[in-house]
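The next block holds one structure in the form of structure tokens; read it before the comments.
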Amino acid sequence: MNPVLQVADLRKSFGGIAAVDGVSFQVDEGEILGIIGPNGSGKSTLFNCVLGQLTPSSGEVRVDGRRTTGMRPCDLNRLGVSRTFQLLQVFPQLSVRDNLILAGQEHQGSMVSRLFGRADAGLGEGADRMLDFFRLSHFAAQPAGSLSYGQQKLLDAAMAFMAGPRLVLLDEPAGGVNLTMLSHLRERLQAYHAERKATFVVIEHQMEFVMALCTRVLVLAEGRIIAEGAPAAVRRNPVVIEAYLGH
Amino acid sequence: MASFIQLLISGLATGAIYALIAVGFTLLWQTSQTINFAQGEFVMLPAFFVLAAMNWGAPFWLAALIGIAAALVVLGLLFKLIVVDPMLRYGVLPLVISTIALSLLLKESVKDFYSAQAQAFPPLVPDADVHLFGAVVSTQSLVVLGVAIATVAALHLWLNKTRTGRSMQATAQNPALARILGIPVQRMVLYTFLVNAVLVAIASILISPIYLAKFTNGETLGTAAFIAAIIGGFNQVRGAILGGIILGVLDNLSAAYLSSQYRGAFPLLILIAVILCRPQGLLGRVEERTV
Amino acid sequence: MFRSGLFATLIGTAFGLTTPLHAQSSVYIPAVLELSGAGAVSGTNFRDGMLLAIDEINAKGGILGRKIDAPLLDTQSDAGISRAQVQKVLDNNPYVILGPVFSGSVLVDMALTQQAEIPEIVGGEAAAITQKNDPYVFRTSFGQQFSMPKIANYIRDGVKAKSVAVIWVNNDFGKGGRDTFVKEMAARNIKVVADVSTESGQADFSADVVKINAANADAIFVYLNEEESARFLREAKKQGVKAPLIGETTLLGQKVIDLAQGAAEGVRGHVGLTVDAPIPAVQDFAERFKKRYNYVCDHNGIKGYTAVYIIKHVTEKIGKFDSRLFAQTLHGITITPDDEPGVLMEVTFDANGDLDRQSFLGEVVNGKQKIVEILPKLGK
Amino acid sequence: MTRLGAVVIGVALALALAAPFFLKPFGIYLLSMWAVLTIAAMGLNLTLGYAGQVSLAQGAFVGIGAYTVALLTQGGVPFALAFIAAGLLCFIVGWMLGYPALRVSHHYLAFVTLAFTTLVFLVLRNEQWLTGGIYGINGIMRPVLFGWSTGKALHFYFFSLGVLVVLALAIWWMLRSPWGRAFVALRENPIRAASVGLDTRRYTLMAFAVGSSLGGLSGALYAPLVQFIEPGSFAINMSFSLLLMVIVGGSGYFFGPFVGALVAVLLPEWMRIAEGYYLIVYAALVMVMMAFCPTGILGLVDRLAKAAMPNGRSAPAIGAERTAP
Amino acid sequence: MDGREPLLMLDRVFAGYGKMTILNGTTASIRPAAITTVIGPNGAGKSTMFKAVFGLLPVRSGTIVFDGRDISNLPPRALLDAGIVYIPQGRNIFPELSVRHNLELGGVALSRQAEIARRIEAVMRRFPMLQEKADQQASTLSGGQQKILEVARGLLLKPKLVLIDEPSIGLSPLMVRDVFAILKDLRNNGVTVLLIEQNAKQALQISDYGLVLEQGQTRIEAAAPQILADPRIAQLFLGGGLLQPEQVS
């Protein structure tokens, strides 16, 4: 199988303190990798380094074999890496449909063709299908800010899929989402994965969610990988329990 | 050399005034995110309070006190209550427009209700010249420099040596934490407005004997205060002082040695350079941003 | 709904503004002046002098039995707004327009008044105003092309200077004066050794005085607005400037002398219009002005005052309110105080709209402007 | 666009076309000034209201445009070419001025652009060989287009109105294209925008450049309208006025600048009934307006309309949705 | 459990940010003169609970009773006066002020200057490290020293209840032990401590009681050893709710 994402010996320190301390792993095509770990274990820093929001202190990141360390987030996205955010990050003043079109439009044509071409950049139908898929069609014309929290989370996830990405990094997709919405979200993610053979990396605290969704789990503590394996095995691993509950 | 010292000393005196105004400006920014585009007019106005009091027959010292008191009420309390408070939660821009309108209002009011003419203003000390290192310095400039330094020093002492002053600093540095500790944040914000009012009133009384009191005086002073505040560091009292002095000296030196037609351009170029290379200002600290 | 409401109000209001407010019993002589902004001092002086004259005339029954209706329109010292205001008054068929004072504003308004054939009596002193063959523009004081030669002659013959430093304010007034002055100096083979530009509203003149002192000129020509003149004089005194300081009306006025607090002693220059002129009518006017407005009138006050009386005289001479005839008559006319006391001094208009009067060489002695020489009218 | 919106636009346009026939030259001049300044305010609304970049340089761009047209037409270049040159020059300068916006934002950017405005003023004033210096440039001719002279007030008004309509349509087109969505995204959340592939750097520069070029085009009309330009007209006060137009009208609303410019051009004239005190009254009114509707007039209309339609789906007067159309 | 009245009681408290509801009817009874540790997975609402108690987040419904008095939605200042002190997560010092002045700001709620000075002296005697560095800028302290400064500052008011959120984050194990020792000492002096701790095992070891939050609801309230021994705790952290929670809308 082809590795979609390869992270090699990644380090990132802030003022002498290593938040990510030599992390290496790879994600194969079609995999759903979960990354878990207690607060402050470096999950978000790791994500931000992979996504180009932060420049790693050392180490490298490859996407489809191509070195992407230090690339701008927008360029990475156009290479097919998309993401969702931990806190709500939709564009509240744009309509739900426009949020989706926006998430795909930069992958279409050039600056000039986007100015003179169609207003929906040819993404209208795609957006409508995505709305359907995430059961958001009813809200298409509403400003995204008027949606409930869980619906906005769904929209956030839908946006990540708009451009047909190679790799999706989901940052706490379940955070703050109520249980009904949560199972809906999980079910939709699984459905999307099944349909498109997409590759996911998920950071999540909601263990039930991780265990149900992921095929493989990495456990991060104090900036290092302390365990790796199938969800059920990781869960029983005493090292992991120790990391979570303290010494 | 003598002329250089001449320029340096008058630059320092002018710069000290800019510093006074810039300090107040940064205090308002720190505690309430107010960019006061009327700050120049705030300096122009108290001189007219003093002149009005003198017209009513008050001796100069009393008139000066009345001027400061009036500034406290009008430029401190009323400014906060009427102009700033209602608009604070709508972000910076509406307040910017409002202070721009306020500057017009103050200018026009002085012009219409007092006079369009420049007014002589009584000096704090009799005018005399002192020779220093081959340069001639008027006692007035020395007084300006002295009082400005003393005022800033007093403010600095107050901010650092009194409990209230430290509470104000705490409010400016971290309002959320200040609230948790029970510091009356709103009252501290009011104090900064009052401090600003006192600073501009003192600046007004210091410069008016030299600049003359005129309704348009604020136009250049306000801009100078912005530039000084930014060069020095928008969130630092010390920075504003440094910025003011750099600006005053630089203005004089560039007018004398570079180009008088473009004298206004040099501080602006420095300003742009500072913003682009060191946006937090020479002494400022980086404002934390959350990603 | 809201927007259409705004538009309706717009049209309504614009109508309201353009409906002539003056009745037949009055004559409409609007004044477009710098009442706010950088030119407010000049504009308000002009206004106060003008209103004094109007009240005097109206108290005596007006012009040809009609009261003067002179609404004030503020240009905010901006040429674009001044143009709009002149357009506004032109829509109401004015008899004559007074103002503005800023030369830049005059230059933009002239095109409109010329087109409408309405005379405009202005306060501007830039040479260009009367060099455009506009038969409808008239000055109230010397243009710089008349005053500068007088100063130049004085510097050559009176001061006997071989070199001169010039300090000027970088607005249209100062730049215009400076350019004319430098030309006159060149014509007289006097070297300009320092040419210092200052900002309007500038407070700190130490750098400028340092530069001027370094130039070591035989004389220093100062062409600044009043407050700046005062600030400059104080700095010059402080730094011990030795060379004689020569200036124009804006250097020798009583206002400057008061503001400079002793630093104006010994300053000399040419004064076109001054309340200190040794002419009883002028001093009498100055007193009335001071009594009414509680401040000392400057040359702009005299401009406003005399402008109104010139209108009165010419109108009474032609016997009717005819704007074109007014302009024709004003060209080449000479008005003496005997004909019309309100003009204060004998004045002659030439074919370009420039005027000619006596002027003065003055000096500041003991805190007062002392006239040391009366320069005759050029035409004599 | 709702039917109500279309009706309001139609009525407004009809009024704009009919009004001058009921007005004397002064009224027409004011309307022309409104049309010309609306173009500049529309540009600033793009930079500030849509893309979220605070600029105090718009007045300087009006100045650059005005001088470009004045100098070129006096040098014999046809107006149409000079007009395009003004827009193009401001586009380039605006693009370059956008670079600071990539490094700093908010008040810092405001001060950089404020400094730029003052520098432009100093250059216009001091480089007399080129710009005529403090004397300005007088006698700027109004253009003759295809044999049709715009010398008369009424003709020039229709010319300005025409340019305004064409430019407004162009901007409307741009805002309804993916660019408009991108600008709003840039304003609301630049980090998120980058994560969906938006080249925030390029769009920021583009917002600055297009906004500035509208300022230049406005200046290109300002020069022949007033027929006289001087550096002082384009000092910081012009930028302040344009900012006021955008904020008072409603920043980020498509028709905000139209309303804002109307207020800024007409309000001082209305206030002249307060005679000598009119500027005091005007300033006080602006302060009151900011206190009571800080989101601008259209923001207020929007709010009222939403209050009137409790289902939250607003269909108020056109342009009262603060998003890309 | 002993028969003493609880010092702090939460009764079906709802609170959250914007559209997000974090506390979904949280209920708790905190015993006086004891350490109670709040544990639970991330996002369970632990910090939110503290903020709601301390008046930093509006309580949408439910009541919070302290010392027999309803304190729901009182401002922080009133809560300080009532005897509650809150020490949030992270660094909460004024870096540019001296250590002494940082301490002093903890006493703003006291009116008498002399009293504050006296208490500062007392606190400094208790923490000699602070005495040593009294006139240095607080930013020169190490992370653990800063935490001690924060705790010491909180003690200036002689509070009845201390809310302390994740004091061990970013501290070395040695430092954590010091901080925990201070908390134990407080409890021994009659102060009630409510503690949030990621390091659940270690925290529970010094605690008298434990409180387990999940999804903004209280799952277990019991004596600390009992919770330590509960096999469900590991499960709670590593997935699978304790109880199958009812649907939350």
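We call the chains A, B, C, D and E, going by the order they appear; numbering starts again at 1 in every chain.
The rule is simple: a contact is a pair of C-beta atoms (placed from the backbone, for glycine too) under 8 Å apart; a residue touches a chain by one contact, two chains touch by 3 or more.
What you are looking at is a predicted structure, and each value in this text was computed from that prediction instead of being measured.
Chains that touch both chain B and chain C are the following: D.
Chain centres computed from CA atoms place E at the largest separation from chain D.
Chain centre most remote from that of chain B: A (centre = mean of CA atoms).
With centres defined as mean CA coordinates, chain C is found 73 Å away from chain A.
If each chain is reduced to the centroid of its CA atoms, chain A and chain E end up 34 Å from each other.
Annotation: 36 Å between the Cα-based centres of chain C and chain D.
Residue positions of chain D touching 2 or more other chains, listed in rising order: 125-126, 191, 276, 279. Annotation for chain A: residues touching 2 or more other chains are 53.
Shown for chain B are the residues in touch with two or more other chains, namely 108, 261, 264, 291.
Within the complex formed with chain D, the residues of chain A that make contact are 51, 53, 72-75, 77-78, 82-83, 85, 89-95, 98, 101-108, 111, 114-117, 119, 121, 141-143, 146, 159, 162-163. Here chain B touches chain C in the complex through residues 3, 6-7, 10-11, 14, 107-108, 111, 115-118, 120, 127, 129, 136-138, 207, 210-212, 214-217, 219-220, 248, 251-253, 255-256, 260-261, 263-264, going by the rule given at the top.
The residues of chain C lying in touch with chain D in their complex are 1-4, 6-8, 10-11, 13-15, 17-18, 35-36, 38, 72-74, 76-80, 83-84, 87-88, 90-91, 104, 107-108, 111, 126, 128, 170-172, 175-176. By the touch criterion stated above, chain E contacts chain B in their complex at residues 54, 56, 76-77, 80-81, 86, 88, 92, 94-97, 101, 104-106, 108-109, 113, 153. Remark: chain D residues 174, 176-179, 181-182, 184-185, 188-189, 191-200, 202, 206, 312-313, 322-324 touch chain A in the complex.
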